[in-house]
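In structure tokens below, several structures.
In the two complexes below, chain A is the common chain; its partner is chain B in one and chain C in the other.
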Partner chain A sequence: MASHEALRHLTIGQYIPADSPIHRLDPRAKLLAAGGLIIAGVVASKYSNVLFLALLVAVLVKVAGLRLRSALANLVPVMPVLLVMALLQILFYGGASRSAGPNRLLVEWGLLHISAESVRVIVVTWARFVALFLLITLLTSTTTASALTRGLEGLLRPLDRLHLPGHEIALVGAIALRFLPILGEQLEAILQAQASRGVSESRSRWHLLANARRMAQVIVPLFVDAYHRAEELILAMQARCYHGGKGRTYLIPFRSRPADYVAVILSISLAVLAGVLQYSTLP
Partner chain B sequence: MSEEIVSVQGLDHTYLAGTPLATAALRGAELCVRRGEVAALVGPSGAGKSTLAHFLNGLLRPAARRQVVVFGQDTAEPSCDLVALRRRVGLVFQYPHQQLFERYVGDDVAYGPRQLGLAGEELRERVRWAMEIVGLDFESFVDRHTFSLSGGEMRRAALAGVLAMRPELLILDESTVGLDPRGRREVHALLRRLRREEGLTILLVSNDMDEVAELADQVTVLYAGQTVLAGEVHEVLAQGELLRRYGLSSPTAVEIIHELRRKGLAVTSGAITPYEAEEAIWQAMKP
Partner chain C sequence: MKPYDRAIRRVVIAGLLLAITLLLTFTNVAFIPVPTPAGSATIGHIPAIIGGILEGPLVGLIVGFGFGFGCFMNPLVTAVTNDPLVIWLPRLFIGVTAGWTFALLRRANRRVLAAMLVLLTLLVLYYSYQVGGKILWLGILIAFLAGLGSLALYNWARGEETIVIALAIAGAVGSLTNTVLVLSAAVWRKVAGIGPEVALGIGLTQGIPEAIVSAIVAVAVVSALRQIGKRRGARL
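Let's turn to the complex of A and B:
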């Protein structure tokens, strides 16, 4: 298919305006809560815990008024990686025992030994991946880039005493986020221009030299353009008297509401609970 | 009537279809270009002009058959040879810096012909021809760095890169925007020459009504993704009221004649270029 629209199909990191309880949360609270849930997701590795977490995030996606299906559609490009990972785990997890136990053998067929433990690892990895992916999508779809930046800046403020440039770090992150879709469009335009001048679409991937040359023909104009944009951005910022974060005030100051505290407390408790459930010796 | 080389009928296109960010760019667009003519595609920003242009060389492909037929090929057919199509349809993009990608001007102009299999002396001659015709001196520009060119030179280099493939249909997507008056005059003279000497068919995507009046034979007006007006250039450009409603303006000559008639001078209307206006005013003033 020769349609050059594929790059714009990536909606990761794209803010989708709506009015939902999650959209209304203070960005600082959202960042902290997301952090708590990420920790919970990384710690949890039992079926029940990790599936509960994936379900919880899916419910949050619904609460935010996003379409679960289009959020999940972004997972398609990484499917091959997940499949290869699952295959390797089935083949090489090993350690299966014939007696009943946590790692009992489920299927034995020639060289193939599928144990209960390898199945658990695969299911948990997939569920964790989906949960974390949805969580990041949720965060970026319900928070504008500028709100994220200010949230991050707000969270880094206590580090000012250590002379850590919180504002500047947040700004660098914001500019990087802001420029991703622009670079995507630029890349698309370059590929279109090259296709228009007779590049044949399907060339064997074994033409290594030709492909390396093609890559340079795409990367070089992309970088030249990015540097031009950076220079223009600097001029625009200076023209508007940008002088860093010191003494800067905001049009709409953050005001934390009870809902924000609830979100942060709940997600941090979840992280603690996940840790306790994981490492407790209770049955 | 000469052969119809582009036929677009009832073309729809939605960017990002099926996502929350879907936007309809074309809803039932129509376009017809005949061999040897200069056709103009006009419309306000966001009307879908560039999107339509991208359909004509197969960068975008329609969902249904018979919607886009270029040189007798239906681009919706899976068997349609896009590479062959793109060799016949040269597309000059809106922003030239997006189109240049080789390090040296000479290499960039040679890119298309190289893909066609040209080499050696033949390639060199082709590049020399393309560069000279757009007014870039071969000896002094061939080894210049592409990204050190000025805006106007970049436009010329981009045009040369497309012309070097000797296309039969040349599409210029707002390719004179940002040129100074002299640069624009030179491009206009070049287009006339290409048409006269090479028999090139040209599709001009433009907002500049004076330019359209100057060069085009046929005009198609696109508004919000729909073809709202199409016909011979004098017929279309005379409809000042309608053009204004579609966010466009009339050529300066039409405005002047309109004002003079309003003030009571008995000028015949129908002039669209400064030359025609001068003729009409002279006729009206002649004792």
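Let's turn to the complex of A and C:
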């Protein structure tokens, strides 16, 4: 049950108003900078690089005036499953060699082999996950959904030359972000409704058919609910004669300030640096 | 229906399905524990399949992109590899193949479907003959299972509407696209721990249950949505 309740607190996609240097950045710059940091996070797979990145993102969260605790609280519901997986991977990653080297054996006890490589994989994966998770939370809680949409649209403008629907793609992203918390709440309600009717929470690996059936029972109501919401939204957009972004102007046009350029340049150079460091000789 | 209404419908449905995908992958609801080396089967690709079926390959592509992104954020997946060519690229095609399959089959009649089933059975029987040349009992076992499977499929398909059959096939094809492309990408990029034999093992033990689950869920979801959509001018 506890795992159901935490779904409501999924703060990805929820704006938290404040006046911080990060809140004031141009959304286009924020998107580009986040992209740069995500690339850096994905490329980096050494202790030093990934831990530095996680630290950097944590500092950025502080600068934005968000509470690190509440940002990390989002991770709680997914923890149990992930911990079990991490443990299994540490124990059975295999491929360890007895000689010294990057893949030397740390512990050997019966069937269990813990190698330096498997520990590295797990630590790096976790640090990366936390960093990327915080980064996305940071992006969505310092930028309103409409600003994100407009920022994405602005970045996708070059696509218009190729006759690709940049505005529509940005709108898809905006709708997804807007409905993420709502559907999370809905999923939680479905899970609780079924639990209260006595649907057991068997997560044993061997109950394949039971697991699959349970999944269908959860996912079909979720889809139906989403579809109802979609129909309502479609009707609302048609009633307001929505006809795309062509020729649309804005009350407050974006103006990039020096801070925006600095943020973009810094994050992109970080991404490049991560790529370079990956192939250098640091531990 | 006005020309832009089609576009509005596409954009909104894609947005909602993308939200479901991200929700399922972020909260790990999408990963069902199974007893295989990979540890968990996924249902995160089902929104992409549904998107492809409901609104065409483009919507499927967009939702598949979101699934790739969600997998990228998930440490269950990135612990194995962090290569975007393995994690992200193959998942773009899930909704596309499902959409195409459904577009091809929705108008097909019973005879075409029966012919396809016969063809598939013959292919599997040929494969079992090949295997039987090396290991006799395994070949006989595969042939037996293939015969049983196609009988069961035929029996099931006789009583259903052709659109339901098309939905089930599209769901299975979308899921198999995921399995086959991700595993071949993993072998191609030489991901640690996944050689050709391991990949084949995962593909059989995990790909087939996943395909069956997504066929069932695709039929269940789309049939439920059809009841609503009929009144509101959806394409189905």
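Keep this in mind: the second predicted complex is superposed on the first by the 208 of 283 C-alpha atoms of A that agree within 3 Å, B and C clash if a C-alpha of one lies under 4 Å from a C-alpha of the other, contacts with A are read in each partner's own complex, and residues count from 1 in each chain.
In this text, contacts are C-beta pairs under 8 Å (C-beta built on N, C-alpha and C of every residue); 3 or more make two chains touch, one makes a residue touch a chain.
Note that the structure is predicted; figures quoted are calculated from it, not measured.
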{"item": "Which of chain B and chain C A:A193 touches, first, second, both or neither", "value": "first"}
{"item": "Contacts of A:F133 with chain B and chain C, given as first, second, both or neither", "value": "second"}
{"item": "Partner chain in contact with A:I122 - chain B first, chain C second, else both or neither", "value": "second"}
{"item": "Partner chain in contact with A:R67 - chain B first, chain C second, else both or neither", "value": "first"}
{"item": "Contacts of A:S256 with chain B and chain C, given as first, second, both or neither", "value": "neither"}
{"item": "Chain B versus chain C as contact partner of A:V218, first or second or both or neither", "value": "both"}
{"item": "First, second, both or neither for A:A230, with chain B first and chain C second", "value": "second"}
{"item": "Between chain B and chain C, more extensive residue contact with chain A", "value": "C"}
{"item": "Chain B versus chain C as contact partner of A:I16, first or second or both or neither", "value": "first"}
{"item": "Overlap of chain C and chain B interfaces on chain A (superposed complexes)", "value": "218, 220, 224, 228"}
{"item": "Complex contacts: residues of chain A adjacent to chain B", "value": "1-5, 8-9, 11, 14, 16, 66-67, 70, 186, 189-190, 192-201, 217-218, 220-221, 224-225, 228"}
{"item": "Interface residues, chain C side, partner chain A - complex", "value": "4-5, 7-20, 22-24, 26-29, 31-35, 39, 43, 46-47, 50, 62, 66, 72-76, 78-79, 82, 84, 192-193, 209, 212-213, 216-217, 220-221, 224-225, 228-229, 232"}
{"item": "Partner chain A, residues of chain B touching it in the complex", "value": "15-16, 18-21, 54, 57-61, 82-83, 86-87, 90-91, 93, 95, 97-103, 111-112, 115-116, 147, 161-162, 165"}
{"item": "Of all residues in chain A, those that touch chain C in their complex", "value": "7, 10, 12, 42, 45, 77-78, 81-82, 85-86, 88-89, 93-95, 121-122, 125-126, 128-129, 132-133, 136, 165, 168-169, 171-180, 183-184, 187, 203-206, 208, 211-212, 215-216, 218-220, 222-224, 226-231, 233-235, 237-238, 242-244"}
